[in-house]
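The structure that follows is given in the form of structure tokens.
Chain lettering (A, B and C) follows the sequence in which the chains are written, and residue indices restart at 1 in each chain.
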Amino acid sequence: MSEIKIGVITASDRASKGIYEDISGVAIQDTMKEYLTSEFEILYRCIPDEQEQIEATMKELCDKEKCCLVVTTGGTGPALRDVTPEATENVCEKMMPGFGELMRQVSLQYVPTAILSRQTAGIRGNSLIINLPGKPKSIRECLDAVFPAVPYCIDLIEGPYLEVNESVIKAFRPKAK
Amino acid sequence: MSEIKIGVITASDRASKGIYEDISGVAIQDTMKEYLTSEFEILYRCIPDEQEQIEATMKELCDKEKCCLVVTTGGTGPALRDVTPEATENVCEKMMPGFGELMRQVSLQYVPTAILSRQTAGIRGNSLIINLPGKPKSIRECLDAVFPAVPYCIDLIEGPYLEVNESVIKAFRPKAK
Amino acid sequence: MSEIKIGVITASDRASKGIYEDISGVAIQDTMKEYLTSEFEILYRCIPDEQEQIEATMKELCDKEKCCLVVTTGGTGPALRDVTPEATENVCEKMMPGFGELMRQVSLQYVPTAILSRQTAGIRGNSLIINLPGKPKSIRECLDAVFPAVPYCIDLIEGPYLEVNESVIKAFRPKAK
């Protein structure tokens, strides 16, 4: 059993019914494998856009499975069934507005509809939860922008020490004050 | 009767008493006429900076009048009587932080006091509500920045299909996943 | 007795116990002295990262001492003991999201971990409360970015008229509408 666990939640009515393949969840897993040199285990969940179920899944991955990082895809738009940010806010003790701000700013370089994404991030216990966009291309753009701060964030919430492949991504750890 | 309805709310103690002309509300209406080639009807309300009245007006325009878009001007600053963002938050089921972030960023290119604007946006049922600044010049700068995402947002919340004058503004509609 | 009072709160378990010197609180005071030509008095508090105590101190400085500006340092990260933004939100009637957005954006030019800062700002009565980062260098970068909007903000909430040293910092006061 690996010590580092990363949760990946795809919130999608259609993917969870098998109507289409969940390429977004796969894209996140592939990116994590590229980024991290530490050994880690992925816990993957593909569920419908039901707020209660998303919250329950987040709690399971954070509290029971002890994932230091839980990444979601899907459900961050303005549509009726888009409830991932609300689920995130409900389960987190601390919100991290800087993640959503930076991700929207990065996505704005590609599409003006980036402002429609309500993605956020927050802390639950010793876990960091980050909402990502739905499309693989945007997922990568957003992860490339925010991931340099993720290992240090996990240090600060007393999670495991993540080591990254510096030729792919830099992990920034400021020296202690 | 036109199928597309757009609400314009001016929140201003002085304009609502007729102490000065509401040039901001007029500026929004003029901009909408420039942007849209679809036929539409404007529902205009000029009311004092009373949170309850602003909320009631938003509800009326969204729920009864079925406006797909409700745009406000005024009441987004730090002063005691500035309560438009609070009213917006109270009537919306979903907040859209990307609108406020982008509008402040755009206004920051002109004035450092742009950070004092607390403008936001959100979804109530099938309506998008957007707070704009108080001054006509800033209104136009902000609308030019966020409007490219508005028609697609209204598609996603199952509102009418807005067609724009592409020589004035672009409407960005990404292809379905 | 000076008419203009500025509160400085250092939230730090270690500094409040005297384990290390509070260079951050000193940095804020020094910056204020550089910025302002108006006579003013600093009210300085160094307290542990206890949310209730931070809230009580903010209330005392705003309500009893009538500080027009209360600046905090420390406690804005993701760690368990970082509760300054929550305290700020609890005591403020109005939140000012533009301050946090701009400060994170400025800090992002220096370090990718800037997104981990949850700093915010808000209004309590006639007082503006601003969270700053923990490190003197970041404090100055953030203050240089947001301070040009501070005197006008304090005008709008009916505080005293702050005069600044224009060779160090500009205070922007737009003309009335």
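One rule holds in what follows: a residue touches a chain if its C-beta (ideal position, glycine included) is under 8 Å from a C-beta of that chain, and two chains touch if they have at least 3 such contacts.
Treat the numbers as computed from the prediction; the structure is a model and nothing was measured.
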{"item": "Magnitude of the superposing rotation for chain A and chain B (Cα, nearest 5°)", "value": "120"}
{"item": "Homomeric contact chain B-chain C: same or different residue positions, threshold half", "value": "different"}
{"item": "Length of the line joining the C-alpha centres of chain B and chain C, rounded to whole Å", "value": "31"}
{"item": "Chain C residues counted as touching two or more neighbouring chains", "value": "97, 101"}
{"item": "Complex interface listing, chain A residues touching chain B", "value": "77-80, 82, 86, 97, 100-101, 104-105, 108, 111-118, 120, 134-135"}
{"item": "Residue ranges of chain A touching chain C (in the complex, touch as defined)", "value": "94-99, 101-102, 123, 128, 146, 148-149, 152-153, 156-158, 170, 172-174, 177"}
